[in-house]
Each structure stands twice: as C-alpha cells, then as structure tokens.
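The two complexes that follow have chain A in common; it is paired with chain B in the first and with chain C in the second.
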Partner chain A sequence: MKITAKPLPSVELPELRQVGKPLRRVDALSKTVGATLYAGDYYPTNLLYGKVFRSTIPHGKIRRLDVSQARALEGVACVLTAGDLPRAVLVTDMPGQTGQKRRSGSDAQVLATDTVRFIGEPIALVAAETEALAEQALRLIEIEYDPLPAVFDPLEAMQPGAPQIYPPDNVVARWRIRKGDVAAGMAAADVIVENTFSVPYQEHAYLEPEAGVSWVDERGVINIRVCTQVVEHFRSISLALGVPQNKLRIQGTMVGGGFGGKEDITVEIFLGLLAKATGRPVRLAFSREESILAHSKRHPYVITHRTGVTRDGHITAAEVKVISNSGAYVYLSPYVLLYSTGMAVGPYRVENVSVSSASVATNNPFTSAFRGFGAPQVCVAYEQQMDEIARAIGMDPYELRRRNFIHKGDLTIHGQELTSAAWLEETTTRAVAALGDPTPDWGSFKVGQGFASYMQSYGRITWLHDTSQAWVGLEMDGTATIRAGVPDLGAGQISALAQIVSEVLGVAMKDITIYHTDSAVTPLSGTSTATRQLYMSGNATLQAATAIRKNLLERASRYFEELPEAIDLADARAFVKGHPEQSLRLAELVAMCASEGLPLANLAMFKAPFTGPIDPETGQGQIWPDFTFGAQAVEVAVDTETGEILLLKSAACHDVGRAINPAAVEGQIQGGSSQGLGYALMEDLAVEQGRIKAGSLSEYLIPTACDFPETQVIILESGTGVGPFGAKGIGEPSFTPAPGAVANAVANALGVRIHELPLTPDRVLAALDKTGKRSG
Partner chain B sequence: MLPEFDFLTPNSLAEALAWLAQRAGDAAPVAGGTNIVPDLRSGRHAPKALVDLSRLAELKGIRREDGYVVAGGGVTIAELLGSPLVRSSARPLFEAARLFANPLIRNRATLAGNLADASPAADSAPPLLALDAEVELVSQAGTRRVSLVEFFTGVRRTVRRTDEILAAVRWPVPEPEAAFGYTKLGLRRADAISVVSAAVCLVPAPDGACSRARIALGSVAPVPMRARAAEAFLTGRPLSAETIAEAARMAAGEASPISDLRATSGYRKRVAEVIVRRLLAEAARTPQPQES
Partner chain C sequence: MEAKVIHLTVNGRAHRALVEPNLSLLHVLRELLGYTDVKNGCEKGDCGACTVILNGKAVNSCLVLAWQAEGAVVVTDTGLGTLEHPHPVQEAFADLGAAQCGYCTPGMVVSAKALLDENPHPSEAEIREALSGNLCRCTGYGQIVHAVQLAAEKMVTAESAENAEEKTR
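Showing the complex of A and B:
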C-alpha cells in the first residue's frame, strides 16, 4: 500500500497553558510508590470474610439446597440463600440515574431461587471469621439439581422448541434500521459481496479482581467501599437490600482497571446483604478464577454483510444481520446491540440500508459492557467486508473507502447528522503511511499489511438524558479542591479534571486536591463508561471553574482598574494581560473575594443533548452526542508452516479533538491497541457447553510486553469535539480498529481470509490447507 | 487458598534428607515454589509438610568436573542464564532459560523443581535430553545417578523416591564439533506453556555425515522424549535436506501428543516435524560457535 498523508485542514486551537501538556497525573506518585489503597486493601477490625457459593451446571432446577451444616460450623456468622431475601432483585439494566425506567424483563436474581441458568450463578453467601472458615463452609453446602436441557448457540436458541431461558423466544433485544430502498440499491449494483464473520468472547482481565468491604455506620447507613465504574448503582443496591437510597453509600476506590467489567454490579449487593445481616464489617474479594467466572464478558457475534457495489466503488446498498450472544441474563446486551446496530456499516455513507440485529439468551456466561460496547465487533466485520469488496472489484482498499467515507454534515444510517469533523482520510492515510514499505517475505514467512478505519460514539445514548455534576472551590491560600463522583479507572479520569481547573484558575496541579467517587460526599458525576467522563465531567468541571473565574476576574478588574477581559490567571497570580508586572497573588485575590462574600465555590451540572427514543421501525433518530474517527494499520508476518503470526508494525491515528493530556491519550491508545490486538490474535476463553475452559490467566492468554511492538501513536486535534476545549473521547475508540486491521493484514499476507477470530495458528494452517497455499 | 502445612527449614542437605526420611510420604521438597504453591492452592498436591531446599548451599553452583558440567539442583533459571559455562557448553539449555516464564519466575524457579515436577512441558528437559544429561538423586541411603531419559516415567511421575532429593544435573562437556539447536513454540512470546518444544544435538563426522544425533521433544508425549528412531536413521547418513526432512517426519511420528486448550494433537505433530526439520537443518549448517 502506497499512501501519503492527506494534508490537514487548518485548525486554530486556542493557546492554553496547562491543557494540552503531558503533565504528571495527580495519581501518578502514589500509584508508583504503592501508596494508593485499592478496594482489596482495607481490613477494618472485627472483620468477617464473605464467600459466594455458585452453580456448577449451566441450566437446572435446584431440587435440594441444604446449608444447615455450613450454618452450624463454628466461626460462621451467617449463610444466606434466596429464601432469606424474598424481595431482592438484581437490576442489570442501565442505572436509573436520570429517572428512566428499566427495561421490563431485565432484572436478574441476586441469588438463585429455584433455577440456575449459567455456570457460576450465585446461589448462597457465607460470612465467617476467617477466609479458610468461609471456604470450609462453602464445602459444607449441599446441593442437588435436576438438570434442564441447555442451549449455548444463539442461532439454536432462536429455533422453535429450544430450551427457554428468556421466554418466549430467547431474544432479549432486537433493533432494526431501515433506510432508503435496499432492493433498488442491490439492483443498481454491479457486484454483490456477501460474507459472514464471527468474533469471540473477551475477558476484561484487569489487574484488580473485584473486591470490597462493607459496614453499617452509626447513622445506620450501609457503607460499601468497592472498585466500581458506577457509583450510581447505590440506588439499585438499596433496592436489593430493601433500604432507602440515602441509607446506602458507595465509597469508590481507585479502580485497577474496568474496561466495562465493573460497569455492572459485582460484589456490592453481597457485601451489603452480609453486613446488614451480621452487623459487622465484611470483606469480599474474588480470586482471579472467581473473577473470570463471575463478571461479564465481551459479546461474541455472528455478523453477515451483503453489500451492493458498482464497479467504480460506490456502495449502493448494504444489508447487515447481527446476532449477539447475551448469555443467561440481559445485562447491557440491548444497548451493546444498539451500538452494533447503529455502527453496523462503519464510517461510510450508505443510502440504502437494512440492519437487523438480535441479542439472544443462552446458558453461557453473561455478556455485557466491554471497551467499545459493541462497536469493535462490528468494526471487525465491516472493515473485513470493505477489503473483500475492494478485492471483488479490483480496487485499492483505501480508494474504495475514500470514495464512501462519511463526512461532516452527512447523515448516518440512523439519520443522525455529523456535526464535528470526520477526519477519516486524515487519520487513515497517516496510520497506513506510518507503516512504510512492507517488509519482504522471508523463508516460510509471508508478510501482509492491513488497516481498519472506524467511527465511534463517545458519551451516553442521548435518550438516557445524561448529566454530570462537579464542584470546584478555592481555599484561602489559593489552593483548589474538586469534588466529583467520577470513578477513576486508571485512565486519568480525575487528573484530567485537575488539569482543567489548573488551566481555568491558574492553580498548579500540585495545589489541587480532588475528592472523588463517593455517593455521599461528592456530587454525582455519572458513570465511567461510554467514554463519557472527560466529555461530561470535564465540561461540568469547566463550567464550575469558569463560574469562579468570573468572580475572580470581576474583583480583580476593580483592583487593577481594568476590564475583566484584560485580566488573566496563571501561576497562582492574577495579572493584567501584557503587563505581568501588574499582578496579585491568587491567595490575596481570594481573600478580597471572601471578604465581599463573592462565591469561591461552584457546583455545576452539565447536560448532554436530551432526545427522545429512535423510531423503533426504522431506527432513525439521534442516538449519541458525537463521534470520534480514526484508523489503525498493522503489518504482520505469518509463518505458513507453523501458523504463527508475528506482529511487525502497528500505527494508530485518531482525531481526539483536543488532547487534554497527550501522555494520557497516548497511554489510552497504546492500551486500547494492545487489548484489540490481543483480541484478534490470542485471547480465547474456550467456552464449551457453557463452561469457561480457559478460566485462569495461565490458560487465558493476554499479550505481554514481548508480544507486540509499540504502536506508533499519531494524535490529531481537530478541536471540534463536544468535550471541554473541543475534546472528543478516546478511551474506547482506541480499541476499535485494532482487531479488524490485524484480520485484514493476515488476509493480505495469506491471500485467504479467516472469517473467525482469534487468528490462532491452528486456524491459519487450516485456512492454508483449504487453499493449498501452505509452503513446505 | 493455601491449605495448612508444616514448613521445615533445614540448614544442610543432611538435615533435609533426615526430614524427608522421617516424614516419608507426607513431606515434599520445595525450592522456588513456582509449581508446588499453585498445586497446593488448587488442591492437586496436599503434603503435610514442605521441606525448604532454597537455602541449601550444597544444591547451588555450576561447575566443571571430570569432563562433565554439574549444575546443582537448586540452581535457578536466572542463574543458568548468568552462567558462562552454561552459555558455552549447554547452548540449548541457555536458550530454553531465555524463553522460560518471565523474569520474576526465573529468579525463583529451579532446575531440580522443573525436572522433579515432570511436566511434559518442562522446558529444561528437551535441552538436557539433547545434552544426554543425568540426574543425581541423594537420600540417606546414598547417591544414585539416573539418565534423564529414564528419570521421567509418566505425566508428573519420575523414578524419584519421596525420600530423595535431586541434588544435581550433569552432562558431558560437548565435543567441540557438536552443533545444537532449541526452539519453543508457545501461544505468546513470554510466560507461555510450550505447545511444542525441541532441542537437537548433531555431531558431524569428518566426512560430513552424521556421527551422532540426539533429538528431544517436549509437550508431545506424556514425558519429555527422545526421538530414537529418527536419531538412529540420521546416524551415519549424510546431512542432506532429504535425510533431514525424513528424520523430522520420523521424529514427529514418534510423538504421541494430546489435544488440549493450547493445541490439537494434529497441530502438535505437524509443527513438531517443522521445528525438528528447521533445527536439524540449522545445526547441520552451522557448527556451534564456542565461547570460552
């Protein structure tokens, strides 16, 4: 592939002092020296240890459950089963943060009442004086099942007569997009290309397995200190515990990685139940193996594309069928599926489209959020399909894409207008050009290059009416405090807020303290999901800081006898622009404001666009606030004798709008890239008959530092995002193009496409055998 | 969770042997603990006592002795990597050590632990088989030497009695003209259990024919194995591409791999042939550079 970078449109970004610089993160030092306390690091006195008793079969009726011996064991404080919690429901839908009703049928059981539907489903809870006693108690629990017929394949689960996990047809959600006239579009095509692609499960494999501690305080409030992406779960946890919402407090810790796996409730309800039942502090921490068993997974998909195209590369129609495996419970499957549906054809303008999607219940581990939220799976499919279309009409794969890329002002397939820059050519050409000339083939190794372009939303679904709040205040000595309910997943979520305040108020990063992730004392900022935190809480923080700045400038303008616009704040001083000698220490200015009663603190709420639901028949309407665009390109060498794939080069280019902290942005892109490359090349949960066979990290292999070269990161800044200072989101989008790029590079190397991820050596050899292309 | 056990910390080999003899059957040695601790956690192994060998000077050190290289059973994989003697006179073992686990594990994992654990995928085994190594088993009753080929008897089974300690591994200093090769195939490039591994040793005769060959394979049979038929076939034959290809085919034919999460048996057989062929071809071409 020979491509030169497309020149960038001229963009004038405002000069900033703090934002845009790779400043040291506020949490860097304490994490580096090991001072940060994670959720598993708290051991209050008088502690009990919790454990969960889980199902070992994929589907069955509980004929007999006897916990009497466990209860009788000395040192066991309590054993709970479903019989002890008559009204408890586990809310698996989006938290009702802004008053939305949850989807009917989306609730699950906290503990299995009479039926278990997947291996690992919780059945009983134990709290005991030591961890060893709690484990011993688990072994004393007796259970007998009447197994029920189980179904594991979503296509089989949709057949009449299949075992019913989610009556009446196992379909937990459907979406459809109908736009234009697909039949006419297909008729106008010179060539119709049809392919089916499938993508597997993925395990989040964060460093920190789920953990927490809970206790009831002197106010009668149930406190739960936990690693979570969603503080607002306190509402549904209170529902499960049968206590008012203001009697349940989540104290979120720094999170050792989330990636969507801590977006659903994990240990919280169990902790609350045990603390409430015993009146003592309880700790519950999953081992790695239990973590893999207990939390959600990325949805496997089967995606079929039928695309009509003219000889000159104009896509005339697209028909896409999307099936995802929801596992035994609904969780976020409907929303994940919506993302897949809206993004099904990728960043292309297609006038005649039909997308039909369904998410189907099976007796498998349940699936829910995972970085990208359904967008990466469809990217794997649509970008392979684009390469296949290019091959079918004999056109360069970039040229085909260029002719069909969507642009600013165009409507997406769901009828949403693109309002920010859509730098697809700019990012794709740069990613591809960065690879340079292909390495020549050697020995039994064949080299290939491939790329994937994408668009992906950031911010929550707009009909969920998302809001975020942040509080900013100045102290008398000129230092600043931020309070925001933001969970920090390690991506720099809170540090970005500090950097924004530093910019607006001229306070150094080291002079800013941030309190975060506490449902009782920090204003609720919404979830650290959907690549929304910088967009939402960044804007809320910007609003709060700007309101304070206004007061400071007003007071300073009287002091300097200049207009407020002539005054600026930096380096802990207020000064007259262009006349730095006319300046005042920020602390003095703060004191002046305080003595006049001018507010030095502000609680701001930022609201995303609020829209109504999309049309259920046609899927038309606004779904997201805005989109990020980008591309990744990789070069691989495939050993045609052993099937091994070496990744030789990788380059990613994304328009992030504005990089608040370029080092943090690069970190996200490196991490997202590796996670996506691992998904394509090695990660394999090996779920058979509902059982995860690769249930530990010696079997479920994620990439190490030796496996991939560093991804060359190219950050573009169009300045057009809806986040603070024109930022877009990058946390999830950084994953999205990586796996499809690998699939295309491998197909390019081998001359044959493997329609299924991961691209294991076995599959590579099988594909070569089929075409007789194996060397040796 | 770890079950409870006694942790015995002898100060000498003699003391360790006494403990093992006294608690025969319910005590197991522990060195780096990188196999036995996971086994204890998972409940696969439940000794009542662990006898800690990690501080015994008698099990340390790598030295030359009467035409042999002798490595103490307590030598860690990291120590193998740091040893000039291993680098020069046990090249495949050095290569295996480089690809072994990760730096943390290499600092703890010992040679004896790797062999005594007797996993079909023990990475030090194929190189040591190619070097024709033997192990020294010591007990209160005395010392015996067993060739490594005979040491392994099945998946995680060896001839070692429970009162014996694997005190050392020995192999003859290779002839200067001997050429070696080693490859490990895993599903990722670090910290991966071998899917297939192989080590070869070729000693050419002055006329270029093969005067001796050893071909060792890991992860393709219940025990790390030698491909005896392929070795016999090569011996006395010229090292041509055809002979090498045939020997590789034979070696793969001698393997009896299982299918597991990492690979199918068919894949293992097929790839065993590829890597043996490559290693033999490479060894036939390049006399091993001898570093002093």
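Showing the complex of A and C:
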C-alpha cells in the first residue's frame, strides 16, 4: 500500500493558555505516590464482610435452598435470600439523570427467586465478622436444583421449541433500518459480495475488581462507597431496598478501570441490602475469579454482509444481518444492538440499505457495555467486507473506501445529517502512511499490512434526553472549587474539567480542587459512559465558569475603566489586554465582587439535543449528537509453521476535534488500541456450555508490556466537535478500528481470510491447511 | 498451627503483627497494617498490582507467606515518596500520563524502581521485560515505558550532580 497523507483543510484554532496543553492531570501524582484510596481501601471499624452465593448450573429450578446452618454459624450476622428482600427488582436498563428509562422486560432479579439462568447468578448474600467466616457460611448453604434444558447458541435459541429464557422467542431486542430500494441496488451491481464474520466475548479485565463498603449514617441514610461508572444507580438501588431515593447515597471513588464493566450495578446493591439488614458497616470485594464470573462481557456477534458494487467501486446496496448474544439477562443489549445497527455499514454513503438485527437470550454469562458499545464488533465486519469487496473487483482497498466515504452534510443510513467534519481521508491516509514500507517476509514468516476506518458516535442516544450539571465557585483567596457528579475511570474525566476552569478563570490547575462522583454533595452529571463526559460535563463546566468570568470582567471593567472585552484573566490576575502592567490579583477582584454581592459560584446544566424516537419500521431519525472519525493501520508477521502472529507496527489517527489535554488523548488512543489488538489476537474467554473456561488472569490473557509495540498516535484537530472548544469524544472510538485492522493485515499476509476472532494459532493453521499454504 | 507474632519493617516503620500461618504478605500489609497502596488485583501472582520490594527485590506480595517474611524489610509505593516529595519515578509517571486509572500504578512504580536500582540505564526492551509481570489495562504501556526512561535520565543526572558536589567538597 503506497499512500501519502491527504493535506488538511485549513483550520484556525485559537491558541489557548491551558486547553491544548499536555498538563499533568490533577489526579496523577496522588495515584503515583499511592495516596489515592479506591473503593476496596476503606476498612471502617465494626466491619462485617459480605459474600455472594452463586449458581453453579446454567439453567434450573431451585428445588431446595436451605440457609439455616449458615445462619446458625457463630459470627454470621445475616444471610439474605430472595424471600428476605422487600422488592427483588434489579433494574438493568439505561439509568438516566432525567428519569430512569425502563424497557418492559428488562428488569432482572437481585437474587434468584426460583430459577437460575446462568452460571454465577447470585442466590444468597452473607455478612459475617470475618472474611473467612463469610466463606465458611457460603459452604454451609445447601441447594438442590431441577436442571432445565439450556441453550447457548443465539441462532439455536431463536428456533421454535428452544428452551425459553426470554419468552416467547428469546429475542430481547430487534432493530431494523430500511432505506432506498435494496433489490434495485443489488440489480444495478456488477458484483455481489457476501461474507459472514463472527467476533467473541471480551472480558473487561480492569485491574481493580469490584469492591465497596456501606454503612447507615446518623441521618438514616444508607451510604455506599463504591467504584462505579454510574452514580445515578442510587435510584434503582433505593427501589430494590424499599427506601426513598434521598435515603440512599452513592459515594463514588476513583475507579480502577471501568470500560463499561462498571456501568451496570455490581456490588453496590448487595452492599445496600446487607447494611440495611445488619445496621453495621459492610465490606464486599470480589476476588478476580468472582469478578470475571459476575460482571457483564462484550457481546459476541455473528454478522452477515451482502453488498452490491459496480466495477468502478461504487456501492449500490448493502444488506446486513446482525445477531448478538445477550446472555441470560437483557441489561444494555438493546442499546448496544442499536449502536451496531446504526453503524452497520461503517463510514460509507450507501443509498439502498437494509439492516436487520436481533439480540438473543441464552444461558451464557450476560453481556452489556464494553468500550465501543457494539460499534467495534460491526467495524470488524464492515472493514473486512470492504477489503473483500476490493479484492473481488480488483481495486486498491483504500481507493474503494475513498470512493464511498461519507462526508459532512451527507445522511447516515439512519437518516441523520453529519454536521461536523468527517475527516476519513485525512485520518486513514495518515495511519496507513505511518506504517511505511512493509517489512520483507523472512523464514516462515509472512508479513501483511491492513487498516480499518470507522465512524462512531459520542454522547448518549438523543432520545434519552441527556443532561449534565456542574458547579464552579471561586474562594476568597482566588482558588477555585468544582463540584460535579462525574465518575473518573482514569481517562482524565475530572482533570479535563479543571483544565477548562483554569483556562476560563485564569486559576492555576494546582489551585483547583474537585469534588466528584457523589450523589449527596455533587450535582448529578450523568454517567461516565458513551464517551459523554467531556462533551456533556465539559460543556456544563464551561458554562458555569463562563458565567463567573462574566461577573469578574464586569467588575474589573469598572475598576480599570475599560470595556469588559478588553480585559482578560490569566495567572491568577485580571489585566487589560495588551497592557499587562494594568493588572489586579484575582483574589482582590474576588473580594470586590463579594463586597457587592456579585455571584462567585454558578451551577450550570448542559442539555444535549432532545429528540423523539426513531421510526421503528425504517430506523430513520436522529440517534446521536455527533460522530468521531478515524483509522488505524497495523503490520503483522504470521509464522506459517506455528500459526503465531507478531504485531510489528501499529499507527492510529483520529480527529478528536480539539485535544483538551493531548497527553490524555494519546493515552486514550494507546490504551484503546491495546485492548482492541488484544481482542483480535489473544483474548479468549472460552465459554463452553455456559461456563467460562478462562476464568482467571492466568487463563484469560490480556496484553503485557512485551506483547505489542507502541501504537504511533496521530492526533488531528478539526475543531468541529460539539464538546467544549470544538472537542469530539475519543475514549471509546480509540478501540474501534484496531481489531478490524489486524484481521485485514493477517488476511493480507496469508492471502486467505479467517472469518472469526480471535486470530489464534489454531485458526491460522487451519486456514493455511485449507489453502495448502502451511509451511514445514 | 497457631497464629504467631511476626516482625516487619515497612517503609522504615517497625511493625509486629499476630498472623495466621496461611496469610499472605499482601493480606498482612493491606488488612492488618493498613498499607492499602499495595493493591489486590488477583491474589494469584498474575497481575503484579501487589508488587513490593522485599529485602531489595521486587516480589508479588500475594505469593509470599507472611511467616516467610519474618524480619524482612519491605518498601511499598508510599515508602518511596509523598505528594510533597515524590520519588523521580513517581514524578515521571505523573508527568507523562503513565497513570490512568492508577490501580496498577503502585505496583508498576515499585517494579520500575527496583529495575533502576539494578540497572540505571535500561533499554526499552529491558524496561518492558522488567514490567512484564505488571498488567495495565488502561495505558497500553507506551507512556509507562517513557516515564521509566525519563526517571532513569533524571536519576542519573541527579546522581552525577551529587557526585560532582562531593568531589568539590
């Protein structure tokens, strides 16, 4: 592949003082010196230790459950089963700060009432004086099941007569897109290319297993200190506990990695129930094995593309069928599937489209959010399909894409107009060019290069009516405080807010304190999901800081006898632009404002666009606020003797709109890339008959420091995003193109395509055997 | 077997603790002595989050029985530096974005410090090898490797400055 970088359109981004600089994050030093306290790091006095008793079979009726011996054990404070709960409802649908949306049929059981549907489903809770006693109590619980027939394959689960997990047909969600005339489009094609691709589970494998501690305070409020991506779960937890919403407080902590796995409720609901039942502080921390058993996974998919194309590379029609495995409960599967549906054909303009998708319940571990939320799985499929189309018509894979890329002003397949820059050529050419010439083959190694382009939304689905709030205040000494409900997962969520306030108010980063992720003391900012925090809370913070700035400038304009526009704030001073000698300490200006009663604090709410739902028959309508565009390219060497794949080079280029903190953006891109490369090449949960075979970190292998070279990161800034200062979102998009790029590079190296991930040595050798290309 | 009293020096502080025979050093450090900067990521030796320096060597504290550590000198991440006076490795990690969620960080910093004690000029391959037992799910390791390189430079410069000062005295 010989490609030169496409020149960038001219963009004039204003030079700013703080925004755009790779500053040390506000949370960084505390983490590196070990001062940050995580959810599992609190040990109050009088503590009880919680444990969860779980199902060991994939599907069955509980014939007998006897907890009497566990209850009788000395040192056991309580044992809870479903019968002991006021309401055993576990809300698994989209939590929202503007009111919980709950699709019918999406609720699950907190503890199994009479049926278990997957291995690991919670059945009983124990709290005891020591962890060892709690474990002993678990061993004293007696259970007998009447096993029920189980189903593990989503295609089988859809057949009539299959075991019913989710009546009547196990389909938990369907979406469809119908646009143009597919039959006519196919008829106009010179070639029709059809392929089926499948992608597996992925385990989040954050380094911090789920943990927390709970207690009842002097107000009677149940406090839960927990690592979560969603403070707003306090509403669903209060429902399950049967207490008013204002009697339940979530105190989030710094999260030791989330990636979607701490988006659904994990330990917090058990902590609430145990603290309420015992009136004592309770700690509950999952072991690594329990963490892998208990939380959601990335959905496996089977995706079939049928694409019509002319000889000159014009796509005339696309028909896509998408099936995802939802596991035993619904959780966020319908929304993940919607993302897959809306982005099923990728960043291409296709007039005649049909997408039919379904998410199907099975007796497998349940699946839900994982970085990318259904977008990476379809990218693996559509980008392999593009390479296959190019091969079928004998066209260069980049040239085929270039002829079909979607542009600003075009409509997506769901009829949403693209309103920001769609730099697909700019990003793709840069990622591919960064690889340079291919390394020559050597010995039994064959070298290949491949790439993937993508588009992906940031911000929540617009019909969920998303809002975020942030509070900013100045203190009398000129320091600033931010209060925002934002959970920080390590992506720099809160530090970005500080950088924005620092820019707008001229307060140094070190002079800003942030309180965050607490349902009692910080205004709700919504979830740290959907790559929405910089967009939503960044804008809310910008609004709040700008309101204070206005008051400061107004007061300073009277002091300097200059227009407010002639005054600026920087380095803890107010000054007349172009006349830095005419300046005033910020603390003095604050005192002047205070003495006149001018507000020095502001609570702002930012609203995303509020739209109505899409048309259920055609899938047409606005779904997302905006999109990020980019590409990744990789070079691999495949050993045709052993099937082993070495990653030789990797380069990613994304248009992030505006990089608030380029070092943090680079970190997101490198981290997302690493997870995506791991998904393609090594991560294998090995779920058989509903049982996770790779249930520990010695069996489920994630990338180590020695597995992959560093991904070269190329950051572009079109300045056209809907986030603060023109930023787009990058947290999730950073993952999306990596696995498809690897699949294309391996196919390029071998001259044969493997349609399933991960690309294990066994699959490579099987593919080589089929084509007689195996060496040795 | 009965519990017995063991003696440990952790970050320069002498401790005595009554310890059951089957408890790991990780458990004793975190749950009995309050060193919560030593993280628990797996308790099986797979992740490196629990790394401490035990008598000069970086080890996974979850794999060491506390009884075997009788009389040992242990250094954890908080023993290397503080918010006011961070260790050069801690400072470099903060400056270069090497800590994202930060959960792997105390173990990672300790492994990097142990490496630089032994090998003040490591190559990139040597750094990656030395950190290969410390998993990080957030960073993809690139910024961590750069931070260790930066810390190595700074430590060598600081040391030669110190030596130069001594000579002139």
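One rule holds for everything that comes next: the second predicted complex is superposed on the first by the 772 of 776 C-alpha atoms of A that agree within 3 Å, B and C clash if a C-alpha of one lies under 4 Å from a C-alpha of the other, contacts with A are read in each partner's own complex, and residues count from 1 in each chain.
Basically, contacts are C-beta pairs under 8 Å (C-beta built on N, C-alpha and C of every residue); 3 or more make two chains touch, one makes a residue touch a chain.
Since the structure is predicted, the reported quantities are computational estimates derived from the model, not experimental observations.
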Which superposed partner A:S495 touches (first chain B, second chain C, both, neither) | neither
Name the contact category of A:G671: first (chain B only), second (chain C only), both, or neither.
-> second
Which partner, chain B or chain C, touches more chain A residues | C
Report for A:S698: first if it touches chain B alone, second if chain C alone, otherwise both or neither.
-> both
Regarding the shared-chain residue A:T642, is it in contact with chain B (first), chain C (second), both, or neither?
-> first
First (chain B), second (chain C), both or neither: which does A:S326 touch?
-> neither
Now for A:Y43: first (chain B), second (chain C), both, or neither, which partner does it touch?
-> second
Touching A:S238 in the superposition: chain B (first), chain C (second), both, neither?
-> neither
Is A:C706 contacted by the first partner chain B, the second partner chain C, both or neither?
-> both
Please indicate which partner A:R25 is in contact with in the superposed arrangement: first for chain B, second for chain C, both, or neither.
-> second
Could you tell me which stretches of chain A are touched by chain B in one complex and by chain C in the other?
-> 698, 703-706
Touching chain C in the complex: which residues of chain A?
-> 22, 24-25, 27-38, 40-41, 43, 204-209, 254-259, 285, 287-288, 489-492, 663-664, 666-667, 670-675, 696-698, 702-706, 708, 710-711
Residue positions on chain C within touch of chain A in the complex are 31, 34, 36-37, 39-44, 46-47, 49, 76-78, 80-83, 86-87, 89-91, 93-106, 109, 127-129, 131-145
List of chain A residues in touch with chain B within their complex = 131-132, 135, 641-644, 682, 686, 693-694, 698-699, 701, 703-707, 760-762, 765, 776
Okay, in this complex, where on chain B does chain A touch?
-> 1, 102, 185, 187-193, 195, 261, 263-264, 267, 270-271, 274-275
